[in-house]
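Take a look at the structures listed below.
Next come two complexes, and both contain subunit A; in the first it sits with subunit B, in the second with subunit C.
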Partner chain A sequence: MLSQQIVNGIMIGSVYALTAMGATLIYGILRILDIANAGAYAVGAYAGWYMYSVTENILLAFVFAMLFTGIIGVLVQKFIYFPIISKPNVIAIVPLITSVGLFTLTGDMLRLIFGPNVKNMNMTFKINAVEIGNVRISAEWIFIVLLTATLFFVLWFILNKTKLGLAWRATAADTEIAKTMGVNVHISMALSYVLGYGFAAAAGTMVGVLYNSIYPTMGDIPSYKMLAIIVLGGLGNPLGTVVAGIVIGLSETLVSAYFGSIMPRDVIAFVVLIIVLLVKPSGLVTRKNT
Partner chain B sequence: MLEIKEVDISYGEMSVIKKVSLEVKEGELVTVIGANGAGKTTLIKAIMGIKDITSGEILLDGVDISKLPPWKRPELGIGYVPEGRRVFPNLTVDENLRMGAYKVKDKVKARASIEKVYGMFPVLKERSTQLANTMSGGEQQMLAIGRALVLEPRILLIDEISMGLMPILVNTSFKIIKELNDAGITVLIVEQNANKVLKIAHRGYVLETGTIAIEDTAKHLMENDTVRKAYLGG
Partner chain C sequence: MYLTVVSVNIGIFILLALSLNIITGYAGQPALGHAAFFGIGAYTSAILTTSYGMNFWLSIPFAFIMAGIMGGFLGLISIRMRDDFLAITSIGINFVVVAIFQYSDFFGGSLGISLKRPYFFGMKVTATGYLILIGLMILGTVLLILKMKRSWFGLALSSIRNDETAAASFGIDVNRYKVLAFTLGTAIAGMTGAVYAHHMTFIYSSDFAFIVSISILSMVVIGGIGTIRGPIFGAILLGAAPELFRFFADYRMIVYGGLLVFMMRFQSQGFLGYDSVLVRAFKKLFPGGLKKKEGEIIG
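And now, the complex of A and B:
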């Protein structure tokens, strides 16, 4: 029972981390709290659903969702956020409100285009569930865990093993000085958005597969849970985001399993956030090194 | 080599640099001295492109670079040692140096430049895998200088190298700059510590509330009464 709950918690936590990673990468470079990252989550789910209904190919559905949403991310960054933050004396609340507006807009656009009703993913997996001892992992979860691990590995590799990633980390640490070293910060920004929105899209599609349903407002709960995770992870810290996502996933699963419904499941993330911030105001992982 | 012509810079409504012109010839070590808030850092930032100018020209080898984005400037051979060192705190020493060599396309060449810097500052080699923020102020200063040198710059812009360093390290830093200049690198250094910098510089400018008040050889500046009273402590 306990081992099953722990496995469940880690699995859902890694999907949370994937959802929040975009917001982390974006905050790291642009210092914008991008709520619309949760819009990318919903848009990605619809893109994945569309591609699957056309091709019935799961992998293609994910790739399409990530690419399509990632490209939208770059466009949003280039034509909406960048012009706003480039204005002199812009206070941080302006891009934040912009992102809330964008997020609301995405939800409504999805409703206008696809209708308000729940759509079913109906993805079928050819692999079987796995049982190790008394821990059972379903086929969907095996796929999701493998995909999440792959995406995190790709992210780790880009950030730590490539010149582009080095430039990203330098820009996150000191944008002004990175520029004087020759880093075109537009490229670092675009990288944040293409990876960030792409990851959110993958997470949205995964959750769509897990619950076999997608709907226009599916990004609402992730939008605020994502905030709890990135703050808990120490704002702008990719490694911290993974840790925080898993901590939240585990807390939710264990509290629901052992204490029943003493509080709504979605509140737990914030209870954990408040407790951690009271004890350690800088978040779980302080060293800003991935 | 570097020529600043009638440059104006402002923060919002407030004008901080007014019609400043100065020149650094190839091989020279030129300093801009002045009190805190005179606009020295702003001037250096404008040359690096991280502060916009409102009018005037910044010429490198006769070509105006003031419209170029900052990331196009290092490849012209401009190295930059910022005020307060500004090493990337959560990057390792080696990664910091690799950032300095960001614009060196040839990997082998970049590595050779980094090894050359390690040769100059052996302590950086010893600490190559350490995060920059775990090093002492003096070591970070060496890293900041080393990071500017891996680009093998023709001209080095140095902002307040003495700031926040122990006196013995200040002397070492100035000695290093003198050696770099002797090795053929043109240097423009802005500095509050007029005493020390005038001893190594060829020429100097005195910047007072955004305008050049005096311009002369370093030797004459040290003998100038006004300069002595205001910047050399009598």
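And now, the complex of A and C:
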């Protein structure tokens, strides 16, 4: 029973980490808390659903969702965020309000285009479930965990093994110095948004597959849970985000399994956040150099 | 009658926008969960009048105090956090409060709470009565804000907003003033909630959802953050629009969201904010017509 709960917690936590990864990458470079990432999550889910219902190919659906939403991300960054943060004396609340506006806009636009009803993916898997000892993992989850692991590997590879990733890390460490060293910070920013919105889209599609439902307001709860995770992860730290996502996933699963009636499940992330922030305001994982 | 009811609703929005402006405009703290305190006030008053048989008029100060205490608590959290952390916490508080209203039977659960219309010296309070009450509340709030701006408190707030570290180094007790701004802003929202609950005669958890907080924020930002005229203008504009244009109701959130993005991108001080396009045009038309009174610079 306990081992099953722990496995469930880690699995849902990895999806949370994926959801929050986009916001982490964006915060790492632009120092913007991009709530609109939750909008990208919903847009991605719809894009994935659309592609799946046309082609019946789930991998194609994921690729399409990530590309489509990633391109939107670059446009948003180029035409909305970048001009805003390049103005002199911008206070932190201005880009934040912008992202809230974008988030509200996307949610309602999805409602107007696709209607308020729940859309179903209706995916079928060839295998039923895998049992290891007394832990049972369903086919959807195997698929999702494998996909999440692949995406994290790709991210790790890009950030640590490519020139693009080196440029990204340089920009995240110090934008001005990176500029003087000849790093094209615009490309780093664009990379943040392509990967960021793309990851959010993948997470949205995954949740769509998992719960077989896609609806316009599906980004609401991830919007603040995602923010709780990136804050817990030490803001802008990809590794910290993975840790924090799993911590939140585990605490949600365990608390609701053993103390179910105390509070609604989606509130737990927030309670964990408050406790951690009061005890350790810098987050669970802090960078060595800061 | 219809016009009066609409005016009361707009008046409620004006109060909410003005009170959020104390926190976000004057103290510069990004609070994105204002509807939660509006809701705390509404539920406090509703439970006191329905379950404990308290007089409506007496329940208003209770709603004021209760929301103020909770807001002060958020202020205490904000001391420990940077701006953007606070934004997240306040969104979270909004979701948690709504969830508690919805799950707990004490707060009516999924049935909401139905209320009776209150009496004023034996007469049932009508829509006109509410309009007068709201009008008086707005007047009181505006006078309070005017007084606050000229006081040491107001000066301390604007110094915190412009540069918190510098303010602290000049010996301003940043923490105390932040918590005070939170307490005052949320208490006014709570008081408004008490009137809202009895005006609507029915409240339900989703009346105070995150989306309502966004609407209030839109009014402040679109009108002109950090001024008095701005939030009033914003609340009238966004509050009256769904009534004037019926088709608008279905597209409300899309318009709010779009306006927020548009304003932040091109005119982050709002339509009537300090040095906005409209205000500059007005000053060109009437040089020396407007006294130099709004000294705030935002964005």
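Criterion: the second predicted complex is superposed on the first by the 285 of 290 C-alpha atoms of A that agree within 3 Å, B and C clash if a C-alpha of one lies under 4 Å from a C-alpha of the other, contacts with A are read in each partner's own complex, and residues count from 1 in each chain.
In the analysis below, a contact is a pair of C-beta atoms (placed from the backbone, for glycine too) under 8 Å apart; a residue touches a chain by one contact, two chains touch by 3 or more.
Note that the structure is predicted; figures quoted are calculated from it, not measured.
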TODO: Name the contact category of A:Val130: first (subunit B only), second (subunit C only), both, or neither.
DONE: neither
Task: Residue contacts with subunit A in the superposition, subunit B compared against subunit C - done: C
Open item on the list: Per the contact definition in the header, classify A:Ala149: touching subunit B only (first), subunit C only (second), both, or neither.
Closed with: neither
Open item on the list: On the A-aligned overlay, A:Ala228 touches which partner chain: subunit B = first, subunit C = second, or both, or neither?
Closed with: second
Open item on the list: Let me test your reading of the model: by the given contact rule, A:Phe103 touches which partner, first (subunit B), second (subunit C), both or neither?
Closed with: second
Open item on the list: For A:Val118, using the defined touch cut-off, is the partner it touches subunit B, subunit C, both, or neither? Pick first, second, both or neither.
Closed with: neither
- [ ] May I ask you to decide whether A:Pro83 touches subunit B, subunit C, both, or neither, giving the answer as first, second, both or neither?
- [x] second
Open item on the list: If we overlay the two complexes on their shared chain A, which of subunit B and subunit C does A:Val94 touch? Say first, second, both or neither.
Closed with: second
- [ ] May I ask you to decide whether A:Thr180 touches subunit B, subunit C, both, or neither, giving the answer as first, second, both or neither?
- [x] first
- [ ] Share the list of subunit A residues that count as touching for subunit B in one structure and for subunit C in the other.
- [x] 89
Open item on the list: Touching residues of subunit B toward subunit A in the complex: what are they?
Closed with: 12, 48-50, 69-75, 80, 82, 86, 88-91, 95, 98-100, 102-103, 131, 147
- [ ] Report the residues of subunit A in contact with subunit B in the complex, numbered from low to high.
- [x] 88-89, 163, 166-167, 169-170, 173-174, 176-185, 287-289
- [ ] Within their complex, state which residues of subunit C touch subunit A.
- [x] 24, 28, 30, 32, 77, 80-81, 83-85, 87-89, 91-93, 95-96, 99, 103, 161, 210-211, 214, 217-218, 221, 250-251, 253-254, 256-261, 264-265, 268, 298-299
Open item on the list: Which residues of subunit A touch subunit C once you look at their complex with the stated criterion?
Closed with: 33, 35, 80, 83-84, 87, 89-98, 100-109, 112, 220-221, 223-224, 227-228, 231, 263-264, 266-267, 270-271, 273-274, 277-278, 281
